[in-house]
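Each of the two complexes below includes subunit A, the first together with subunit B, the second together with subunit C.
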Partner chain A sequence: MNHWIKGASSYAADIDGLFWLVTALIGFWFIVAQGIVIYFALKYRRKEGVKAAYITGKSWRELNWVFIPVVLVVMCDGWIDVATASVWHNVKETLPPADQKVGVTAQQWAWTFRHEGPDGKLGTPDDIVTVDDLHVVVNKVIHVDLQSKDVLHSFSIPVMRFKQDTIPGRSITGWFKPILPGVYDVQCAEICGIGHGYMPARITVQTQADYDAWMKSIAAGATALPGTPSAAATSPAPQK
Partner chain B sequence: MTSSSTHADMAHAADSHAHHAPQSFWSKYIFSVDHKIIGLQYTLTGIFMAVVGVYMSYVFRMHLADPTAHIPFYGVLSPAAYNSLVTNHGTIMIFWVAMPILLAGLGNYCIPLMIGCDDMVFPRVNRLSFQIFFLSTVLLLVGFMAPGGAFGGAWTSYPPLSAKVEYNLTPHGNVIWLLAVALEIVAFLLGGINFVTTAMNSRAKGMKMFDMPVLVWMIVIATIIFMMSVGPLVAGAVMLLLDQTLGTHFFAAQGGDPVLWQHLFWFFGHPEVYVLLLPELGVVCEIICVFSRKPLFGYKTIVYTTFMVGILSMIVWAHHQFIAGIDPRMASIFSLTTIIISIPVAVIMFAMIATLFKGSIEFKAPMLWSIGLIVEFLLGGVTGIYLGSSALDVYFHDTYFVVAHFHYTLIPLVAFGGFAIFTYYFPKVTGKMLDERLGQIHFWGSAIAFNFIFIPLFFSGLAGEHRRIYDYSGFAELATPQMQSLRTMATHALLVMLAFQIPFVINVIKSLLKGAPAGANPWKANTLEWTADSPPPHGNWAELPEVHRGPYEYSVPGREQDYWPQNAPN
Partner chain C sequence: MRTSLPFAFAIVATFAMSFVTSRAIAGDPSQTSGKQLFLRCINCHGANGQGMKAGTLQVPSIAGLEAWYVESQIMKFRTDKRGAHADDAKGLMMRAMARALANDAEVKAVSAYIAALAPKVEKPDTSADIKRGQQLYTMVCMACHGANSQGNPDPNIRAPSQVALESWYIQEQLVKFRTGVRGSLKDVEGLRMVPMVRDALPLMAKSLGATVEEADRDILAYINTLSGKP
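Entry: the complex of A and B
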């Protein structure tokens, strides 16, 4: 799918490969079925004096015209199912050990990101808290800890092929491994009220050196900020 | 009223002459218990709501094509109004257009006529069903006048957004919306009781179960699916109403579970897709047999596979929730069942295509719409495979790919199928023929424009464009001129499609005024509704028909005529 959107995570290629597999299989069936419908429609148009054939499709011999293609469809379905299960297992059912952890809190209508501070641990006073601005290091397995303060949101990074709803009262961990440095869109992909369209954020994928420099610049500028992990300090007040 | 009530009490007693006393306008058309009038009431209400729903899509598509524009016939769209239009467009098109036209209107009109009886088993329940439906319609529209505006939390109404006013900011709209949907469901439950009992008990003399037209089977199975799946939604709606009004915590983060609603909603919501699909497939089966002069290929196979569709449709719902926070291991199971359901649907589609083989096909308007339905629905069906694949759904969930996919299923079903029904049954309902040339213009214009609306949206979705967004300017990847040109193309195509409804309106008015008389059986069809007068009188037949054979005996070898009505005594 690189033609439409970059694939910037380690598993983007797997998902795109599955996309092309499905496209090939259903494309075949789609073209065959359309071709037959259109061929029949043109070939068997009413002609004066030509009577239609009396074919009821009651016998097994006739029904094979339906069942044999269906068996082939089932085989394609099976192929898609197996390929899907393997990609899904890799993306959502397994959790490789984290190189970097990020806390993500959604609210109406902003994202609060909590990065590990210089101590390399999340949930300590030196955490770096930003709004709508996520920074991660390239080629590291990123764990995102997804929470919501109010309604459902969905944390979506199209280039990473990552999407996961955030649910108030729960904490859901997801992972991705960015492989292409750059700045990309982060979306909220679940309707969350009248500001749903105004919830863009961005993710900056950078090298370790750039990330360290960024962290230092924030830490230097942020001494005035309360060090406690309070998202409210840096995010706009929740809308009431 | 008195004569109507009398009629109700002996609905399927054979003495129909008792009801021929002249009736006032009110008792004949407004408070009627006649299944045909109720069917038309449902259909006309559905058509009115279709205009409302299409108008909404016109407004938000105009906005998406040019976010700063002053929209003709509307004005400037605010984010809150955008959300409520998107929400109510979906709600209306499913619950107030597809359901009343495809299930209630079609079922009420056709079931008694197709199985050869004079009315539904419970005519007054039927009338009550429409009255409740009408009330629900008024209630939904009243929501737009409520202080704070109409509900805008999507037609799926996920809590906590839908449950708490401080989140959705529509203090009255959300309650009104929920009550309207709940009432609408009550209406269809009442109507559904009638459909099933009538098909089981009131068939004409000599009509066995497998002599019923496949359309009746499909409506009955759709009704059973509806009744089996709707209970959890009603329970969920009551809980959501309590959350909204009394501050209970069924779907709250503390003490409840927001995801529970999604299970209850989609346990109904996905079978609902098949509730809409099946009656349409039934109509298409009828029409392609009539217009290709062929027996339906594999009648019993189609009926049995339809039952399989019904059963499978109950165990696919969580494919809407792959990334909603359900256990990922569960997703694999639902991905499997979702892809499996393509099998029985493929059987039915292949059987329909096989029916065309060696036929004598005539492309009158109903046949064009039916073949158009098959051709377009195939694209909607196959793109569902992408979304049923859980791993791909991670990317596609809530993008325009989903929007394009389900419009490629629902517009063929509701619009193409609706026009197929309309053009097929117009002669029966009014006694007048439609103009064929205007019908062809209407079909080709609408069908071509339709593809130009939604094919661009598949590509927007591929590029990651997410749904229900008022303003894309904040998203660097989506605010590009290329992406905007896809949005604009869809909007322009919508305007073209709307323009092509003008020939249809002209056609209807012209044909009502001076259409050629249709006669009882203009299409030379076999099923019983074509043996009644056009339009059929109250009670349908002076003497109820007796059935001698199945519904699809077309082009039987050795017979001069290429059709053989079910009631013809050899």
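Entry: the complex of A and C
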């Protein structure tokens, strides 16, 4: 999976493992099922002087073509369920203590990110608010508090293998721990209106020193020209 | 074999037609004309650019606005000079849609089309003090927007005619300028509006014994009486 899209969170490898397990099992059954269909289609194709048989499916020999695959597929399903349970528990049912909290608000058609300001607390006046530009520190557990101002959206960071719907009227907390510094895509994964395709954002995973420098630069920008509108809400340069 | 030949021919013909059609669309200049591009706008601004109200979302009329002004505003939305504030819900929507245009040529084409649409005519506001509105307009707005709100596209001014803009929309923008939602550091013209709207207008209003809300209403009513012609 890393060949196509990096796994940049602590649990990305676990989710990739599930992906490959599901892909392998489904791929196996796809090949088997299609092979049998093609084999039978060729073997029992129309022939001169041979009348088609009417199969009632009442004998055990015939029913076994249904029951045996069903049992095998259900066993595979159980295999997936068992493998998924631990990953689901770790990713969705467990909430490790936060090192950094970020407020994420979705709206048509942008993401607003509220970062903890110099006081290290979220929801205070020194919060740093950005549009479509999320900054987090590498190797820290990030809590994202997800809200929506209007309709359903889905906050998706493919490299983190993180995806969570945002629902109007609800506040949903998710977490990830980025392990690879870099700049990555953020996208909405739920059709949310005509501008759905035009609400990309980016996440910058950086060292603590780089994050502190970024925070200072934002704070400096906010006070660069006294008397001008607050620069607290900033957004990255447009993506071409 | 007798049945498979027509079937194969149908498949090949279908792919060939799809290819030819797609090439024709890509190469046909009319497909990227202002009218075609405007189809992206009609969901919110209406088929004739007259604006609309859908639920709590009120969208302004844009029909008949000057082409240079529409073009400049779309470019601002595309480059985060406008509509990039977290509290500017409509601006954020427009910012996304402005980026749906592929390039500067498309921005120019759709702007020209919008400018050619018939502007919306508003009813006069009889509750306003037009005379006070004229005084305030003369003191605060006229230098840039012109005596008849004809606008000024000079590169050093770039103030639009307000005549084709709806009063409620101008009012909304005045509030945005006052509260810092519009007029970012990147927006030269918007930044110029901030001290005029946030500082000068309330002062002038006070000197005439009016509140800011009354001043806004009176100015907008006065603008509604202007021709927009030099």
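Criterion: the second predicted complex is superposed on the first by the 208 of 240 C-alpha atoms of A that agree within 3 Å, B and C clash if a C-alpha of one lies under 4 Å from a C-alpha of the other, contacts with A are read in each partner's own complex, and residues count from 1 in each chain.
One rule holds for everything that comes next: a residue touches a chain if its C-beta (ideal position, glycine included) is under 8 Å from a C-beta of that chain, and two chains touch if they have at least 3 such contacts.
Here the structure is a predicted model, which means the values were calculated and not measured.
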Exercise. Classify the contacts of A:T112 with the two partner chains as first (subunit B alone), second (subunit C alone), both, or neither.
Key: second
Exercise. Could you say whether A:S156 touches subunit B, subunit C, both of them, or neither, answering first, second, both or neither?
Key: first
Quiz item: In this superposed model, does subunit C or subunit B come into contact with more residues of subunit A?
Solution: B
Practice problem: Tell me which partner A:V73 touches in the superposition: subunit B (first), subunit C (second), both or neither. | Solution: first
Quiz item: Looking at the overlay, does A:Y198 come into contact with subunit B only (first), subunit C only (second), both, or neither?
Solution: both
Quiz item: Looking at the overlay, what does A:K47 touch: subunit B (first), subunit C (second), both, or neither?
Solution: first
Quiz item: Between subunit B (first) and subunit C (second), which, if any, makes contact with A:G221: first, second, both or neither?
Solution: second
Quiz item: Taking the superposition as given, does A:W60 touch the first partner, subunit B, the second, subunit C, both, or neither?
Solution: neither
Quiz item: Once the two structures are fitted together, what part of subunit A is touched by subunit B and by subunit C alike?
Solution: 108, 150, 194-195, 197-198
Exercise. Report the residues of subunit B in contact with subunit A in the complex, numbered from low to high.
Key: 79-80, 82-83, 152-154, 158-161, 166-169, 252-254, 258-259, 292-301, 323-325, 328-329, 331-332, 335-336, 339-340, 342-343, 346-347, 349-351, 353-363, 371, 374-375, 378-379, 382-383, 385-386, 389-392, 394-395, 397-399, 459, 462-464, 466-472, 474-478, 552, 554-557, 562
Quiz item: Where on subunit C is subunit A touching in the complex?
Solution: 40, 43, 78-80, 84-87, 89, 92-93, 95-97, 99-100, 179-185, 191, 194-195
Quiz item: Given the complex with subunit C, which residues does subunit A contribute to the contact?
Solution: 105, 107-110, 112, 129-131, 149-150, 194-195, 197-199, 221, 224-225, 227-238
Quiz prompt | List of subunit A residues in touch with subunit B within their complex | solution = 1, 4-5, 14-15, 18-19, 22, 26, 29-30, 33-34, 36-38, 40-41, 44-47, 50-58, 62-63, 65-67, 69-70, 73-74, 77, 80-81, 83-85, 87-89, 91-93, 108, 150-152, 154, 156, 158-159, 161-165, 167-170, 172, 183-185, 187-198, 200, 202, 240
